[in-house]
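Multiple structures follow.
Consider the two complexes below, in which chain A is the common component and chain B and chain C are the respective partners.
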Partner chain A sequence: MALLEVADIHVFYDKIEALKGISLAVEEREIVTLVGGNGAGKSTTLRAISGLLHPRQGSIRFAGRSLAGLGAHEIAAGGVVHIPEGRRIFGRLTVNENLELGAFTRRDRRDVATDKEQMLVLFPRLRERLKQLAGTLSGGEQQMLAAARALMARPRVLLMDEPSMGLAPMLVEQVFETIGRINQQGVTILLVEQNAPMALGIANRGYVLESGRIVLDGPGRDLLDDERVRRAYLG
Partner chain B sequence: MMRRAALIGLAFGAGAVHLAAVGVLLAMHQRWIIVEALTLGQAALLLLAGGAGAMTRGPVMGALAGAAAGVPVVALLAAMSLVPLNSIFIALSHDLFNMLTLGVGLAAGVAILIGGGAIAGLVGVLLSNSSQMVRRAIFPGAISVVVAGVFQELIQLMLQQYEGPVGDFRDFIYTWEGLSLQGAIAIFVLAALLSEVFGFIWRMRAERTASHDHRRERMVRAGIALLILVLLPMLGGSYVGQVLMLVGLYILMGMGLNLEVGLAGLLDLGFVAFFAVGAYSTALLTAGSAHALMHLPYWAAMPVSVLLAVAVGVLFGLPVLGVRGDYLAVATMGLGEIVRVIVQSDFAAPLLGGAQGILEIPKPSIGNFVLGNPVSLFYLTLVASAVAAFVAWRLENSRLGRAWEALRDDEDVAQALGINLVRAKLLAYGLGAAFAGLAGSIFATMLTSVYPSSFQLLISINVLALIIVGGMGSLPGVVLGSIVLIGLPELLREFGEYRYLFYGAVLIVMMRLRPEGLWPSDVRQRELHAEDETLALDAGTDAVPAQPR
Partner chain C sequence: MVGRNIARLNAVDVVLWGLRVGVVAVVVIGTVGTLIKGRYNAAQWFDFIMFGLTIGSIYAQIALGYTMVYGVLRLINFAHGDIVMTGAFAGYFVAMPLDRSGFLEDNPVLAMAAILLVAVIVSTSIAVLTERIAYRPFRRVVGLAPLICAIGVSFFLEQTFRGMFGSAVKSYPDPQWQRAAFHVFGFNVPRIDVLVIGLALIFMGLLYLIVQRTRMGTAMRAVAEDGEAAALMGIDVNKVVVFTFVLGGAMAGIAGVFYAFVYKQVYFLMGFTPGIKAFGAAVLGGIGNIPGAMLGGFFLGMVESVGPTLFLDGIGIPAPYQLRDLIAFTLLIMVLIFRPHGLLGEALAKKRA
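Right, the complex of A and B next:
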C-alpha cells in the first residue's frame, strides 16, 4: 500500500470545481511530481492533502489512516508537511526563529538541536544568516530556509509547491539538487512544478494535470519523452 | 529650490492658521512657558517656522521658508481686520488678533511675524545642519525649559514642602506665576550641561567596550523610568497619583492588546468590552447596592473578574475566527459596541443597572488599611502592572508567543507547521482580555461606581493608538505610549477638547518620522531598519570570514 493515497477527490472554490476527481499515489521514499499549466489544480491538490482545503468528495489516506476531518495542524503533526507556494518564510522573525518554528510540534528539545545543526550543514548559507531577519534574505536563501524549516518537523512526506518559482536559473539547479539530497535522507516528496523538464528529470513518477483532471501519468523519464507532454509543456 | 522652500513654508504657515482657527493656539497662549517672555502658543508658532526652516537646505532657504510660514498667518490677520470672521470661526477673536500681532497693531505685527518667521527658519536650518555636539546641548535644554515652564504648577506643588537648598533653588527659578527668565536660563544651561556630560561619558564607555551591551543599557533606562514612576506620586500628591493611576490602567490594557495586535496580529477595536466585563464583574460581586449578586471582598472579586473577562474574550474570538485584516477590525468593533449596548439596555437593567449604573463599590483594604486615596490605588495598579508585565514578557518568549508571531506573518504556513490556529487565536483573545479585565476591576473600585457610558469605543481606539505610538509588540513602548497619550493630556487639562487633534497629529508625525514607535521592540526595529543592518552584516562577514563551529 502506498504511503499517501488520494482517491477521486473533488474540491470546490464556492461553485467552481477546481479538482474533478484526482487520484494519485505516492510510495515511501519516492519523488512524485505534478506538472501542468496554470490553473490545472496542482496547488489545490497539495492544499487539499495538507488540510488547508477540504474536498467535498473522495478520500485521502496517509500511512493507511484517513485524513478526513483532521485540521491542517494535526496533519502537519502527523508527518505531512507542506511548503506553500512563494517565499513564505516568516519575514519578521530571524532565520533561527524560523527554524525553531519548524520544529513546533516536537517536544524532543535535544534532537531538535541536532536537527538544526544538520540543517546548517545542509544549507551553510543559513548559518551565516542565523540572527538575521528572514525577510532580508535573498530569494534563493528564502527558499532554502523554507525547505530547512519544513525539514525541522521531521516530515515523512514533504509537499513542495513551486520551489523554483522566481529564482535565477543557477539557483533553480541548486534547488533541485537540494530536493534530491532531502529525498536521499529518506523523505518522500510530492513536488508541484511549472518547470516540467527539471521536475520530471528528478522524479520517479509524474502526473500531468489539466483543468482539474489527471490526463497522463507514468515514470518521469517516460513523460519527459512523451510527445504530447513535450508539445504542451516543454515547447 | 526657492519654490520648494516657499511651498514648505506656506504649508507650515497653513498649519499655524489651522491651529489658530480651531482655537488651540489662543488656549496655548494662556499658558506661560517663561513668565512675561514666552507663551506656549508663541512657542508653537516659532516651532512651526523653525520646522519649516529645518526641512530646507542652506541659511537663505531656511530664512525664506520661515518667512513664508508667516505669510498665511499675515493673510489671516488681514482677512480678520477686513471681515468679521469670528461670526463663523468663533476662535478668530480680538484676543487672537492681539496675540498674533503682539498687541502692536497690524503693520508692526506683520513685520514681526515675517521677520520672526525668517529668524526662526534660519535657526531651524542651522540647527538641523549643526553638529551632534550642539544639538545634544540645545534640544534637551529647550525641552527641559518647556517642561519646567508648562508644568510649573505641578512642579511647584511638589517642591513646596521643601526648605533649604531645594527651596532656594525653587525660589530662584519660579515666581508664583511660573518660570522666571533667570530660571529658564538656569534650567537650559543645566540641562544642556548634563546632556553633554552624560553624552561624553556614554561615548567613552561605548569606545572602551567595543560592543556596548545594548540590552543592559536598556534595562538601566527602564529601571530609572520605573523608579521615577514609583517615587513621583509620593512627591506629587493625589493629583499626580490619579493621573498616574489612569496611565497605569491604560498600561495594563495596552499590554493585553499588545498580545492580540502586536504579537498575534489580530486587530481588535472592541477591546473595551473586556474592560467593561472586568469592571461590571467586580461591581456585581462586591457592591453594597441592590444590584450586587454577592458581597465578596475585593481581593476575591478581582480574580473572578479576570476569569470572566477571559471567558468573554474566548467567546468574543469564536465568531471572528475566520475573519482577517480590515474585516476583523470592523467585526471586533461591532462586538465591542454590542457589549456596551447590552449593558445600557433596559432589557439588562434589572441585572446591570442600565444607564444608572451600579454604585457603592467598596475600596479594597489590606487588614484595616483601606486603599482609599488615589496614591495607594496607584500602587495597587503598579503592582498589578508589574505582575502583568512579567506574564506578558514570559508569554512573548514562550512557545505560544512564537506561534502567535508565526500566525501573524502567515496563517497558512503556521498551520502547515502544526500550529493550531483556533487554539492560538482564542488564547490571544482570552489572555488579552485578562489584562483588560484586571484593569476594569481596578477601575471599578477606583470610581466606586460603574456606568455604561464609561466604556465607549474611544477607549479601544486610545489603547490601540498608544501601542502604535509606543511601538508594536514592545512592553516599554506600552508604558511610554500611555504616558504620552494618556498622561500628558490629563496634565494639560485645559486643552482637553483638542485632545484628538493632538492624537491625530502625533499619529501622523509618528508614521512619517518613526513608524516603529517611540520604544520599538527589537524585532520591529530590525524590520524597519533591516537594510542598514544587512549592509552592516555583509561588511562584517567580509572583514571576518565565518568561523566553522
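Right, the complex of A and C next:
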C-alpha cells in the first residue's frame, strides 16, 4: 500500500471544478512530481492533500488512514507537511522563530534542538541570520528557511509547491540538490514544478496534469522522453 | 513650473491643507497664549499630566484588545468597549459588599485582587463566548457582515446589562485610601493614579512578554501574519483566536475596573466612549501593532487631559475642559492625515503582500 493515496478527488472553487477526478499514489521514500501548465490543478492537488481545501468527492489516505474531515493543522501534525507556493515564511518573525514554529506540534524539546542544529549545518546561511527578521532575507535564503522550517516538523511526506520559483538559475540547481538530499534522509516528496525538465530529472515518477485531469503518468525519465510532454511543456 | 503645480492642486487638497495649517496654528497660538498668561501653576499642570497618564494607561489596555483581534482576524471588534463594561460591572458586584463590610478599606491589596480577578474572569469569559458564538461563523465572510455582527454584539451586551441591572448610573465605592495622595517634591500624586498606572504597566509588560516569548504568543504573531501558513505548521488557528480573545478580554476587564474607580461610576453604556477612544488609540499607533496601541493610548490620554487647557485657554475659550473629546478626536484625525498608517504602523499594502 502506498504511503499517500489520492483516489478520484474532485475539488471545486465555487462552481468551477478545478480537479475533475485526480488519482495518484506516492510510495514511501519516493520523489513524485506533478507537472503541467498554469491552471492544470497542481497546486490545488497539494492544497487538497494538506487540508487547505476540501474535496467534494473522492478520498485521500495517508499511511492507511483517511484524511477526510481533518483540519490543516491536524494533517500537518500527522506528518504531511506542505511548503506552499511563494514560500510564505513569517517575515515579521525572526529566522529562529520561524524554525521553532516548524516544530510547533513536537513535544520532544531536546530532539527539536538537535534538529535545529542540523538545519543550521545544512543551511549555514541561516545560522548567520538567526536573529534577523525573516523578511530581510534574500529570495534564496527564504527558500532555504521554508525548507528548513518544514523539516523541523520531521515530516514523513513533504509537499513542495514551486520551490524554484523566482530564483536565479544557479540557485535552482541548489534547490534540486537539496530536494535530493532531503529525500535521501528518508523523506517522501511530492513536488509540483513549472520547471518540468529538472523536476522529471530528479523524480522517480511523474504525473502530467491538464485542466484538472491526469493525462499521463510514468517514471520520470520516460516522461522526459515522451514526445507529447516535450512538445507541451519542454518546448 | 510653479504655475503648473498650482494648477494640479484640487479643491480637496486645498481644504485639507487649510485644515492642517489651521489646526497647527490654533495649537501653537493657543499654547503660547496659555503659557504667557500663566494662569496655571506647576502643580496644576502636574495634575493634568498625572490624569493624562492614568486615563492613557486605561486606553492603552483597551486598545491592546482592538489591535490584537484586528491583527489576528482583520476584524474591528466593535463590542470590545462593552467587554470593558462587563468587567466594570463584575468588579462592582464584588466591590460593593467588600466596601460595605469595610474589607475594601482595611485590606486594599486583597480586596483589589479579588475585584480584579472576578472582573477578569467575567470579561474574559464573555469575550471568548462572543468569539465562539458570534464571530466564528463569520470567519470566512468577506465585506461588512463581520463588522455589522460586531455592532450587533455591542448592542446585545449593552441592552442585556441594561435589562439585568437597570439603566441607572451606579456609584462605585470610594475608599479613603484611594483619595489620599503621596507628596513628592511638593506635588500631589493621588494614590489611585499610582495604582492604575503601575498595575497597567505591569499587566501590559506581562502581555508583551507572553506575545513575544511564549509558544502561543509566537503562534499568535504567525497567525496575524499568515493564517494559512500558520495552519500548515500545525498551529490550530481557532485556538490562537481564542487565546487572543482571552488576552484582550483580560486586559479589558482590568481596564473596566480601573475606569470605574477613576470615574466612580458604572452603567450599561459606559464602555462606549472609552471603547471608541481606545479604538482611535489603536489606529493612532498603527492597528495590529502592539507597542503602537500602548503608545497610542498614552498619547490620546495626554492630549485629552493636557490639551484642552494648553491649546484652548490661550485663545480665550472659556471652560476648555468640556471640549476634551473634541480635542482628542481632532488630534486623532490630524495624525491620521499626516500618517495614515498610524505612528508605528507600516503600510497596509506591504503587510498584505
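A few remarks follow.
Convention: the second predicted complex is superposed on the first by the 235 of 235 C-alpha atoms of A that agree within 3 Å, B and C clash if a C-alpha of one lies under 4 Å from a C-alpha of the other, contacts with A are read in each partner's own complex, and residues count from 1 in each chain.
The rule we apply is simple: a residue touches a chain if its C-beta (ideal position, glycine included) is under 8 Å from a C-beta of that chain, and two chains touch if they have at least 3 such contacts.
Values in this document were obtained by computation on a predicted structure and should not be read as measured data.
After superposition on chain A, the partners chain B and chain C are seen to clash. Legend: residue contacts after superposition of the two complexes on their common chain; A:132 is shown touching chain B, with no touch to chain C.
One of chain B and chain C touches more residues of chain A, and that partner is B. By the document's definition of touching, both partners, chain B and chain C, reach A:50.
By the touch criterion defined above, A:156 lies against neither chain B nor chain C after alignment on the C-alpha atoms of chain A.
Legend: residue contacts after superposition of the two complexes on their common chain; A:105 is shown touching both chain B and chain C. Applying the stated contact rule after C-alpha superposition, one finds that A:72 touches each of chain B and chain C. Of the two partner chains placed around the shared chain by superposition, chain B and chain C are both touched by A:97.
Once chain A of one complex is fitted onto chain A of the other, the partner contacts of A:205 are absent, as it touches neither chain B nor chain C. When the shared chain is aligned, chain B and chain C each come close enough to touch A:82. Counting contacts by the rule stated earlier, residues 50-52, 71-74, 76-77, 81-84, 88-93, 97, 100-102, 104-105, 149, 153 of chain A appear in both its interface with chain B and its interface with chain C.
Those residues of chain A lying in contact with chain B across their complex are 50-52, 71-74, 76-77, 81-84, 88-93, 97, 100-102, 104-105, 127-129, 132-133, 135-136, 149-150, 153. The residues of chain A lying in touch with chain C in their complex are 50-52, 71-74, 76-77, 81-84, 88-93, 97, 100-102, 104-105, 149, 153. On chain C, the positions that touch chain A within their shared complex are 215, 218-219, 221-222, 225-226, 228-237.
The touching residues of chain B, when paired with chain A in their complex, are 399, 402-403, 405-406, 408-410, 412-422, 523, 526-527, 530-531, 533-534, 537, 541, 546.
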